[in-house]
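Going in written order, the chains are labelled A, B, C and D, and every chain counts its residues from 1.
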Amino acid sequence: MLLAQIIVNGVLLGGLYGLMALGMALVWGVLNIVNLAHGAFVMLGGYIVYYLFTTLGIDPLAALPIAMALMFAFGYLLQYVVLNQIIRSAMLNTLLITFGLDVVLTYLAQLGFSADFRTIAPSYAGANFGLLGITVPVAPLAAFAIAWLLAGLTWLLLNRLPLGRAIRATAQNLVAARLYGVNPRRLYAVTFGIGAALAGASGGLYGMISHLSPYVGAPLTAKAFVIAVIGGLHNPFAVVASGLIIGIAESLAALYVGPTYANVISFGLLVLILVLRPSRALRAA
Amino acid sequence: MRPRFVILLVAVTALLAIVPIVGSPVMVQFGISTLLFAVLAQSWNIIGGFTGYPSFGNSVFYGLGVYGTAIAMAKFSLPFGVGLVCGAILAMLCALLIGLPVLRLRGQYFAIATLGLSVAMAAVFSNIEIAGANIGLILPLTRADGMFYELSLGLLVACVLCVFWISRSRFGMGLIAIREDEHAAASMGVNTTLYKTMALVLSALFTSIAGGIHAYFITFVDPASAFDSTLNVRMVIMTVFGGPGTVLGPVVGAFVLSAVYELLANWISTAAALLFGVVIVVAVIFMPRGIADLAAGIRRQGISYLLQNIRRYRL
Amino acid sequence: MNASSITSPATGMAPLLQTQDITKRFQGLVSVNHVSFDLNDGEILALIGPNGAGKTTLVNLISGTLPPSEGELRFQGTRIDTLPTYRRARLGIARTFQVMKPFRDLTALDNVATAALFGQRGGATTRQAAREDARKWLDFTGLGHRADQRADALGGPDLKRLELAKALAQRPKLLLLDEVMAGLNAVEIDEVVEVIKQIRDSGVTILIVEHVMKAVRSLADRVVVLHHGELIAQGNAETVFQDPRVVEAYLGKRRA
Amino acid sequence: MRYTLTLLAALPALILSAATLAQADDDVITLGASVQQTGQQANTGRYYADAYKLAIDTINAKGGVKVGDKSYKLALKLYDNQSDVNLSVRQYVQLITADKVNYLLGPFASNYALDDSSVAEKYQIPMVQGGGASGQIYARGYKYVFGTLPPAEDYYASTIDMMGKLDPKPANVALISADDSFDVSVAKGTREHLKSAGLNIVVDEKFAENNADFASILSLVKSKTPDVILWSGHETEALNFIRQMKSLDVNPKGFYAFTVGVPTADFRKALGNDANYAFGMTTWLPTDKLPDQWFGNAADFAKVYKEKFGYDPDYHAASAVADVETYAVSLAKAGSLEPPKVRDAIAAIEFDSLYAHIKYGENGQIVLPQVVVQIQNNELMPVYSTDFLNKPQYPVPAWGERK
């Protein structure tokens, strides 16, 4: 029974991890930007939902789309105004500039929101129900469902809409993208905006399950990074699924090896996959 | 290299060397940290700048240097010098062992794999008894900041000379060939596996000694500070800021960024982080090839160099 | 159908390179299928065939960029198919890449100087000496006037010349040229043909992969034809071009 | 071009040397500190920054400090270390050598105190710090370092003492701690206290610092049905722990207690009603039973503090005030500004402050009992120190049975 409970915990946690990685994988795969400020986007999304809930009384789940829209606008502008200026320079430079953005956003968040801890706590945040002797918490379950929903929407967007085809073409080749008659600057901005919106959604859910402070971003960036690598950068479902793998692996490791090894397990898994599947690694070279 | 330039470099080094005699303790303090950062950036430059492998495992070598020295001194009461050697050997062995599998990966995948190793290493050290587990290790207090300063300077000089040699040698040309195109390098006769591993081992050597010096200087080590992956991020940033794959770029990058950070922290205090971030963002936009290229570019074409950079790399 | 090893009819000496039943599969797809042929000391052998015939794969197998799935490679009588790429280069096998691989951040001179530092054993050991060698090879390939430009500033034809100069700077015994004439105009092709003849005359054995038939006719001592990974004909140029299977391979390709 | 490079390299050194002009005022005694005003630890660091300021202003308003027959005003030189340990070390050197402060106050957190106190010892300038409790700080034989937080090893001593007097008496304990230096010390001491009290440890787990997920540990705890959970870590983690306890419906039969968070207003606010019933500990409560020479008493202090900074002080702030007051008292006793004399005076003093009765032990660390506290109906209630102060809500009701 304990084992079953642990696996359920891992699956639910993994869904949220997967959602966090979704935006990062999209941006990485299409724009070749490893966005070190991704965790900061998650944090910002969390604060948007927090304030919508506490000041306007909008239910956090209903506030998610609003947060996503705001984060989309934010991401769009950031890419259009700043990141497009350097997008063609070396990969390390995009790493550097997003690191700088992370520092700036974190600082501004402390200025604007203070260093106080916040939680998004609607009445159902701590609720749970029993199922075959397993306790299923409601909020992570919602996060899990929303993760798959958004993965599905992202998949539809990329594979069924003209905009998505243009985005995927851009990932292959910039010249091809022009054939779709879309201005690549806008297209890049839209893609980055979608990435930011997905981060924003996961931030709202994260605030419901965990807590918010200006500093929650960095470890989440690292987590999203790992999952994006394991899941590959091109299939949203694979990204969420690899979130589940990490979630389950960490939960099991926490129980059977010791909680201090949870990180070792996820990163160890990552190194193992990379070394055993060098073909994939070489393709990215 | 022009003789006048050599003389200038020697003069600057000599000036730096007399800082503990003529300068204030604050400058010595700042100097130790900056010189060590320059060593870390320069070491990263060997594997990241010359060879083109963006390592995030250098914080592992740093941590091993810290712990090698700390364990030797705190647990076995060995002298500092022996501790440094222990740390260096530990780090170089580690570079050799992890280098062989991990150096098969390229680009971002190499980066993330090495990041994984650094996280794993921190967890290992926080669980082993001889490393003091999580409680950390305490080293004897020494009132010899001058010595730490001169050691750091000496290490930096050695490191820069080593990189200078690399930049002029067959070995270095091989590393650059690997960075530019690994297949072409191999088909040209470069033993890529050996060269990459050598580069990582050299990088580990200098990084770990810097770690050892810092451990004794700060007198307290624990896993969180020894295997801090943000330290690795700073190595990358300083190198990229200064100019990766150049001999003096990383050193200048480390000096400038440390000075900016320090001055901001002491003058405007709490807004320092904000400005630090802004400086980095602006630097990437206007000088994406680092200070080394900025200096050349400004001389060549004046201020229009900055705008040309944007035109060149924007979408 | 697969010709077995033939000793050189021209000289009677042991061949410089022997490929024996060499095969390469990619996840079930056979790219090179039991190919055997010899390359004699001092000759120019042209490797031709329609697109996708496996020519570049074969070059990759010889240079070591890819490991073979089956078969043997001998260079000067010793097995090399298990040696890593760099060891083969040290023995004296140099190549150019069809998809050019210049060192973009370096000047043309340093590109070639790097090659001079490595390549076959016994070359330059200092950067100074390597640069002197490099200048010589840049002049030889007609790139001397652009020696100090960065490779990423060079255009297509100049990059082809750079590839060639890099390969030559390795002082090879065997030179593998993978479509060095693609994209050149008629005048440039004639220049390159002359250069290749001079290289051969200096004693270098050459395997040339080429689509430009005019060049093949004027250069090749022998021709080997690949189709769908299989060797379908070999011999001197005139004979091979009249071979019905070869005609079919090319015409069939054209019809499709 | 390369000349420019070298000039750039030399520039920071020049700027720094210009920046380090010393200044010394005749009738001012300057206390120096570097604390976390931004970055990861800013949330707790602010207690120190604010309390130092308030204490110094208040002492000055009451006439300052009399040393020998001369009156001095106190001044504060404060740096923000941005939650960067290495920067804090350099800032302490700067405080001593460039800013020429007279004495030092401490940063927040044990790992900072460990490194920064080495600077104090190196330059033989006294440091009184109220932010680091790890025994490691005092295990090095330093002469110039004093601390107003009691040893980490004894944090749970009073809680375990209380467990012996509860009805029904708990028997099985789950011990959960973070893996950093301070919390490992807490866990080590707690294990010994539990053993001598004859209690069983049914779960003993360590979690990684900055961890946000406790689902596995909680599921394990749930399956072992302990009577009590004793938890040691950082505030954000405590917050996550409680939220996940609720969502996974984990209910120890007796109670659950935390080393941090519970006495902090911000923590209670973030959790709302879910904070109720949680046990915690504090070395300090804002009562009028703690008289103070400058503030009147602890309750008055808390009022002034809240008015001035807009949030309630907790033991961090009180401990920081005690650090400043330590200097005020010992300077008067020492009758001299010489650091060694002041150091000896600090080692010998004994006085009542709004924080506690201050007397430093042989190694420099204060010995104080922790008061067990519980959040009852959104209010912080002291429950037990050497005997019950208020009735605890015990046993704690299950999550489902709360209204």
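Following the convention adopted for this analysis, a residue touches a chain if its C-beta (ideal position, glycine included) is under 8 Å from a C-beta of that chain, and two chains touch if they have at least 3 such contacts.
Everything numeric in this text was worked out from a predicted model, so none of it was measured.
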Q: State which chains count as neighbours of subunit B and simultaneously of subunit D.
A: A
Q: Note down the smallest number of touching-chain steps it takes to go from subunit C to subunit D.
A: 2
Q: Please work out which of B-C and A-D is bridged by more C-beta pairs in contact, and write that pair.
A: A-D
Q: Farthest from subunit A by Cα centre, which chain is it? Let me know.
A: C
Q.
Quick check for you: compute each chain's CA centroid and the global CA centroid, then name the chain with the smallest gap between them.
A. B
Q.
Based only on mean CA positions, could you tell me how far subunit B sits from subunit C in angstrom?
A. 42
Q.
What's the distance between the Cα centroids of subunit A and subunit D, rounded to whole Å?
A. 35
Q. Could you state the distance in Å from the CA-based centre of subunit A to that of subunit B?
A. 31
Q) For subunit A and subunit C, what's the span in angstrom between their mean Cα positions? A) 48
Q. Which residues of subunit B are in contact with two or more other chains?
A. 123, 126, 273
Q. Do you know which subunit A residues sit against two or more other chains?
A. 107, 258, 260, 263
Q) Between which chains is there touch? A) A-B, A-D, B-C, B-D
Q.
Quick check: in the complex, which residue numbers of subunit B touch subunit D?
A. 5, 8-9, 12, 15-16, 19, 23-27, 29-31, 33-34, 123, 126, 133-136, 138, 141, 143, 218-220, 222, 224-225, 248, 251-252, 255-256, 258-260, 262-263, 265-267, 269-270, 272-273, 291-292, 295-296, 298-299
**Q.** Footprint of subunit C on subunit B - complex, ascending
**A.** 168-170, 173-174, 176-177, 179-181, 183-184, 186-193, 245
Q) In their complex, what parts of subunit C are in touch with subunit B? A) 63-65, 84-86, 88-90, 94-95, 97, 101-106, 110, 113-115, 117-120, 125-127, 130, 166, 170
**Q.** In the complex, subunit B residues that touch subunit A
**A.** 48, 54, 101-102, 104-110, 112-113, 115-117, 119-120, 123-124, 126-127, 182, 230, 233, 236-237, 240-241, 244, 271, 273-274, 276-281, 283-285, 288-289, 310, 312-315
Q) Contact residues on subunit D for subunit B in the complex? A) 1-6, 8-13, 15-17, 19-20, 37-39, 79-82, 85-87, 89-91, 93-94, 96-98, 111, 114-115, 118, 121-122, 136, 139-140, 142, 179-181, 184-185, 206, 208-209
